[in-house]
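Two complexes are shown next, each including subunit A; its partner changes from subunit B in the first to subunit C in the second.
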Partner chain A sequence: MTRPGLAAACAAMLRRDLTLAWRRRGDIAMPVLYALIVTMLFPFALGPEDTLLQRIAGGVILVTVLLAMLLALDGMFSSDVEDGSLEQLVLAPQPLALMMGMKILAHWMTTALPLIVIAPLLAAMLHLPAAVIPVLLLALLLATPLLSLLGAVLVALTAGTRRSGMLLALMLLPLCVPAVIFAAGAVAAAQQGLPWIAPVAWLGAALVLAVVLAPLACAAALRIALDA
Partner chain B sequence: MSNWIPLWLHKLSSPPTFYRFAGTLRPWAMALAVLFGVIALYGGLVLAPADYQQGDAYRIIFIHVPCAWMSMFVYAVMGVSSLIALVWRIKLAEVVAMESAPIGAAFTFITLVTGSLWGKPMWGTWWTWDARLTSELVLLFLYLGVIGLYHSFEDRRQGARAAAFLALIGIINVPIVHFSVNWWNTLHQGSTVKLFGPSKIAWGMLWPLLAMTLATKFYYIASLFHRARVDLLALEGGKDWVRQIAEDEARK
Partner chain C sequence: MISTTLTVPLLEARALSFLRQDEPVFAPIDFQLDAGELALIEGDNGSGKTTLMRILAGLLHVGAGELFWRGEPMQRDRCTGEILFLGHQLGLKADLSPRENLLIAAGLNGYREGSSITSILAEIGLGGFEDEPVRRLSAGQKKRVALARLLLLPASLWLLDEPYANLDRIGIALVNHLLEKHLAAGGAALVTSHGAVSFHGGEPRHIRIHA
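So, the complex of A and B:
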């Protein structure tokens, strides 16, 4: 029996996860609806004053996207744990870290990309100036994969436990403080007409580091969590 | 022969040996902690001169700073023993890492509370989003995350290994807490007590601080040994040495 090559295995993994996500399209829409509703609540809670909404828009969108992703993160491995395909993946001859990387990519494409697509709409709801929106999108494009990668490591750690929703928030939120600070810093700087490249560069550096290390950490965490 | 040290350490990692070792040392560590604590409190609250700017209000430093040091020190101990637990799968290292977490969380909590009590009269606010304060708060959440993850597994050893992994990820925050006052110039003052180079604090104020540091270290040892002993008994429930201890207790 010939073993499929690495590229073929990665493509198969990605296709499988995307197909599974597509079969349950309703689940993809949930984080988007959640982000829309949370953003809608802010003008009600704080009053529809333009200047106030403009000032908080960047931070509100970032935190909303973060929470929406957190909501979806829980399900990253849950169906695979239930039907045992995660164990098969651990036993597979292909490197587990690479397979995890593909799973994270698929998860990012199905949860974070829709959020980034509607981010301009969220920004418009809060009257963020149109000139700042490209910076917001760039910050989201760099920050959301970072959160997916970081989150995947923690989800893998809790893969063997039953109640993990709140615990995941407790573990993940302190670790994403730097990502939120830099992403919000870039948006705030752009809004004030200051140079915003430095925080974006920090985000990019963190993302590069995470792309290399997080799949390895994720694989190690999964082996610990499933080793019973 | 100089290889008795690794041999002795190797032996110490076996639960029954550590149980006896910790049981012997614990009262001494506790006694030293109380002794140094009393000396430090007397020195700090009575003997040390009042500050020329803050008056007597600065005396909370004798609690605040040693606890802040301990909050980082305990995390470092937890990180190192987590690494040992994951790499060499030594049961004792798992126990030390997991039983350090609640103690470290308590020290971090005390640091935050005393800091905010100190901040109100001096800075005019209980809390500010300063780099040092925020990173210390993140440290508390990391401790709580480790504790939470440990207790969410049914198998304790598996939980300990998963939580040890989380502790290793979070160790990146310890240097951030330590260097935050140098990297960001915000409200919290820089360090005045330095390991390398001259400290910017009068000797009369420094020695009670150092005595309290010793007291907190000994308290940590005593508390850790006590918790580890209890944990070892629970983990090794069915083993012969535990049965022996239980029989000896019953005969008394």
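So, the complex of A and C:
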């Protein structure tokens, strides 16, 4: 009998979720289309005034990306709970927190990464200066995994309940406020030519904390959800 | 008192019960299961057979009483991977093929020495369906994919909740064959079933639970 090592189990988990996402490519495109449409509508609604659009560009892109991520968050564990794969995962001789970490990573790669890829396009539509785009991308690279991790804990907490979408949105809102403030703060500072490293460092610190704690919380919450 | 048994039972329950909102789901039960032994769990609908299975698998906490694994109090990290649970929900991803589903199971749990997914799927009667998405298979075929896990993954105790559901005559014979092989190899199994079990390797033990 051969037991797999940790790395092999992590790879199997990651490959599973990425394959599943690839089989349902249409679902990946949804948040991207949503973000494109919302950002495209702003210049139409507010008028094509450069200074106004430049001023709101950072905030609009961050909020749009956040809301687009929220669309896909709900389904992070629901299919696994329904078809019983979560039970099998809990019973597998692997640390559940690490497996949850892999699931969150796969989720981030399939929902947030496409949004980050189109972020320069969104920025261009709102006339954000090209010099600020690297800061925007850096802020997104730190803020989106933070949101995925926080969101995963809440999704795990509401996993046992039906129609948890509403509850999830209400609970996630206060948690994502700091991420939005720091990310938007960094972009605004860069736009005004001020040092932007401090808010980015705060985002990084929060992300490090979340990477360590969120998978553990997720695993505990899912065990409780199954134990009912 | 002199202990007459030298071998320690694989699994032992003493006055085991489970409480849901302070109401016991089933009356306290005692049983022992040795290696190489099969026990059938019998009870009416709603008597708590599935609940008992989920407790033994480690998905539900022990409500009252004690549970021993190889003579020691049962702890999750001591017996994970030794117990294989097959429940009502099969734990298969509908978008993946039987082969991919089994690869993931093996990736997480390990596999028996010398087992190959292709030969196992052929043995279980799914030759030719290896790469078909599970969503296109019939209910009985899905059940067979889940049963293939029994052959692939290393485990000493099988917990099978209604393993005969959805299976045709050949499928039922297949489950019995798998059980006989497992017991002969020194494994143990607990099975819940409504249907008649025609088990050839001697009369299985019966554990009766009451609501």
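For this structure, a couple of remarks:
Everything below uses one rule, namely that the second predicted complex is superposed on the first by the 228 of 228 C-alpha atoms of A that agree within 3 Å, B and C clash if a C-alpha of one lies under 4 Å from a C-alpha of the other, contacts with A are read in each partner's own complex, and residues count from 1 in each chain.
By definition in this document, a contact is a pair of C-beta atoms (placed from the backbone, for glycine too) under 8 Å apart; a residue touches a chain by one contact, two chains touch by 3 or more.
A quick note: this is a predicted structure, and the numbers were derived from the prediction, not measured.
By the touch criterion defined above, A:G204 reaches neither subunit B nor subunit C. Once chain A of one complex is fitted onto chain A of the other, the partner contacts of A:A217 are limited to subunit B, with no touch recorded for subunit C.
In the superposed model, A:L170 makes contact with subunit B only, not with subunit C.
Of the two partner chains, neither subunit B nor subunit C is touched by A:P114.
Set side by side, subunit B and subunit C differ in how many residues of subunit A they touch, and the one touching more is C.
In the superposed pair of complexes, A:P43 makes contact with neither subunit B nor subunit C.
Looking at the shared chain after the overlay, A:G75 reaches neither subunit B nor subunit C. Of the two partner chains placed around the shared chain by superposition, subunit B is the only one that A:A225 touches, whereas subunit C remains out of contact. When the two complexes are superposed on chain A, the residues of subunit A that touch both subunit B and subunit C are 227. Residues 57-61, 80-81, 83, 85, 87-96, 100, 103-113, 133, 154 of subunit C are the ones touching subunit A in the complex. Against subunit A, the residues of subunit B that register as touching in their complex are 86, 134, 138, 141-142, 144-145, 148-149, 152-153, 155, 158, 161-162, 165-166, 169-170, 173. Subunit A makes touch with subunit B in their complex at residues 153-154, 157-158, 160-164, 167, 170-171, 173-175, 177, 217, 220-221, 224-225, 227-228.
Residues 1-4, 8-9, 11-13, 15-16, 19-20, 23-24, 79, 82-85, 87-94, 99, 226-227 of subunit A are the ones touching subunit C in the complex.
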